[in-house]
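Working notes for the structure below.
Labels for the chains are A, B, C, D, E and F, by order of writing; each one numbers its residues from 1.
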Amino acid sequence: MATVKLIEYEDASSDVREIYDDIRAFRKTDFINNFWKGLANNPEQLRRTWTGIKEVMAPGALDPLTKELIYIAVSVANKCEYCIHSHTAAARAKGMSDEQHAELMAVIGMAHSTNGLVTSMQLPVDDAFKVEAAAP
Amino acid sequence: MATVKLIEYEDASSDVREIYDDIRAFRKTDFINNFWKGLANNPEQLRRTWTGIKEVMAPGALDPLTKELIYIAVSVANKCEYCIHSHTAAARAKGMSDEQHAELMAVIGMAHSTNGLVTSMQLPVDDAFKVEAAAP
Amino acid sequence: MATVKLIEYEDASSDVREIYDDIRAFRKTDFINNFWKGLANNPEQLRRTWTGIKEVMAPGALDPLTKELIYIAVSVANKCEYCIHSHTAAARAKGMSDEQHAELMAVIGMAHSTNGLVTSMQLPVDDAFKVEAAAP
Amino acid sequence: MATVKLIEYEDASSDVREIYDDIRAFRKTDFINNFWKGLANNPEQLRRTWTGIKEVMAPGALDPLTKELIYIAVSVANKCEYCIHSHTAAARAKGMSDEQHAELMAVIGMAHSTNGLVTSMQLPVDDAFKVEAAAP
Amino acid sequence: MATVKLIEYEDASSDVREIYDDIRAFRKTDFINNFWKGLANNPEQLRRTWTGIKEVMAPGALDPLTKELIYIAVSVANKCEYCIHSHTAAARAKGMSDEQHAELMAVIGMAHSTNGLVTSMQLPVDDAFKVEAAAP
Amino acid sequence: MATVKLIEYEDASSDVREIYDDIRAFRKTDFINNFWKGLANNPEQLRRTWTGIKEVMAPGALDPLTKELIYIAVSVANKCEYCIHSHTAAARAKGMSDEQHAELMAVIGMAHSTNGLVTSMQLPVDDAFKVEAAAP
């Protein structure tokens, strides 16, 4: 059970409905998932998050599927069950194959392992890795 | 200062040198970074990790740069300073542009935000996200 | 299912019953929640935790509701489902309004976002933030 | 050393300067801390984050100091060194006393402890904590 | 519901069956738990993980039960529900008593508490703790 | 630089000095490490933590070295740099050999890896792992 009420379209205020309408139009489906229904308790948060997601996940220097894979990786490391399910579903919808999913998990597993090993050894960063970032 | 001794090539046993030689040959550089010098305290761990890294990070259904981006994302969520530096350097070496880096960070920031929001709301997973994974 | 037995009052030893009695008297309710029933497997841990909670959560320089909000924030960042539910219920019992809950979640979401962004950028701390703490 | 270039005002594009100007005006200081200088590599991210911070941290149902305490708590649980320093400084600037800081840390320490204990016990959530959230 | 298909022995490829057979022979039981059934979607990952587990968890300078206690501690701090259940069961099978379990949890709780306190205080490491690790 | 003042013996109140004296007597050394000097800003927290540490880390069903290994494991997973250094030093002082340290790190690395893999797969807990805990 959620710690907040899930706001259905019928019970939503007009500013929430406006965002719901945009989600539906943008995603070409009537389905509104629980994430948005929970955020709707704070219409400003709902708007800010939806606007941000659209900006961040749009095609750019990285393609949308790569962005979903990164989103899954963060959600796994942050142990967010709902997020893992929703973004794994989103990645499949954007074309993630079983082979890609398997390799994603292999990288996640390897990264967790070396993260733990490095942290236990408290290694100093090699000078070679401290290269100046290229100018923007 | 590390919690373990960093083993230089000159001080390494023959089984460690064998792995160091393979790292150098595989990466076409004499540089051995601190991660391997620390792992060398446990030659079995050194071998297992190096073998695993080569398998996991090889080109496959995902390209090597995408794998580095995923590696960075996990390392950020796991707060591993050394790993963030080493894999950001690796991603740049594999062609990550400043634009790609900026978008990677934007996805990481957004994912952290929604991970926190979702966890605070304790949302039930929508049935629509519980689709049966495709058969392998 | 828990990894430990949940100890009911009827099955508890006298030193556990003593703590249960104090919890009931202090909270003015017969209800003992699962947290204490699990800790009761280690009566010393039960006593130490209950004593500590009473000290830490008492009114002081911070009021009890503010302390519950902080407790929720930590529990979300640490992904403790039980703790999020129990402390959200406690905060409501101490007067947390829906508006306060919504703002709490907004801060949690924003903090997670900037935590992730900062960690990915590995920013040096500005000198201006390294001010000497005031003498106690 | 940061993994991104820190953009000074002099080197910034006009859209970045516009945000920097707003930060300076809003905060009544010329000081721009490293967080914004790093975000400036992605002007959209800079704008989105600054706009969000202003919305979220504004006085509302929770006062600004309480919001800073919550921000510190999340940053500690997420192990963000820079964030802990910057928001501890911000909380002091908003009036946090040493006594309040000490109590904040006591709650953080206690919450971490019980988070760990609860997670190790894998406790089921008591029905009493699953109360329906009040309608918004 | 898992995000991957769980591969039963009957549906497994010959290379997966080979690992399953080794798990069964090594553990002297027909039972294959869900972890391996999930990993089997990536036979290389299955083999690498099973080989690694056998190497790492074998008796050595630390006894197998001590290794399970450490495994539980990491799994709790990493909030992995499945791992906490499976390794608590494994520790019991290797002789963990209720008293040992209770003390394990007490150390986990205390470590979480001081981890949180230390992080909030951003303490510099005492020179006395920076002793050179002994040569291997 | 710490976010709190480090309280030296000379500057401490009598109740803090009492705890410092006990630490020195108990540990048979004049050395007070920064952890206690930071906690001393809140004498109640100092007393509670020192009392708790003495209870939890005392010999019992688990020996003191095993408890230190568990403490290190949690501190690594929680990314507490100071704690990793202080408890690695403490473990060495209690007799941890380089071989034991290497095996500890191998278990930590393996546990992190499988924690990440399991979380990404969202595996249901096998019924076989849900055995009733033995009565206390």
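Going forward, a residue touches a chain if its C-beta (ideal position, glycine included) is under 8 Å from a C-beta of that chain, and two chains touch if they have at least 3 such contacts.
What you are looking at is a predicted structure, and each value in this text was computed from that prediction instead of being measured.
Chains touching both chain D and chain F: A, B, C, E.
Chain pair A-B has a twin interface among B-C, D-F or E-F; that twin, with over half of the contact pairs alike by residue number, is E-F. In this assembly, F is the chain whose CA centroid lies farthest from the centroid of chain A. Note: centroid distance chain A to chain F, computed from Cα atoms, is 34 Å.
Rounded to whole angstrom units, the spacing between the C-alpha centres of chain C and chain F is 20. Centre-to-centre separation between chain A and chain E, using Cα means, comes to 27 Å. Multi-chain contact residues of chain A, defined as those touching 2 or more other chains: 1-4, 41, 44-45, 49, 52, 55, 74, 76-81, 84-85, 88, 98, 101-106, 108-117, 119-122, 130, 133-134, 136. Taken together, the touching pairs cover every possible pairing of the chains.
Touching chain F in their complex are the following residues of chain A: 72, 76-77, 79, 81, 84-85, 104-105, 108-117, 119-122. Within the complex formed with chain A, the chain C residues making contact are 79, 84-85, 88, 98, 101-103, 105-106, 109, 116.
Contact residues of chain C toward chain F in the complex are 1-5, 7, 40-41, 44, 48, 51-52, 55, 130, 132-136.
Within the complex formed with chain F, the residues of chain B that make contact are 3-4, 41-42, 44-45, 49, 74, 78-80. Interface residues of chain F, counted against chain E in their complex, comprise 1-4, 6, 31, 33-35, 38-39, 45, 49, 52-53, 55-57, 60-62, 66-67, 69-71, 73-78, 80-83, 85-86, 88-89, 92, 97-100, 102-104, 106-115, 117-126, 128-131, 133-134, 136.
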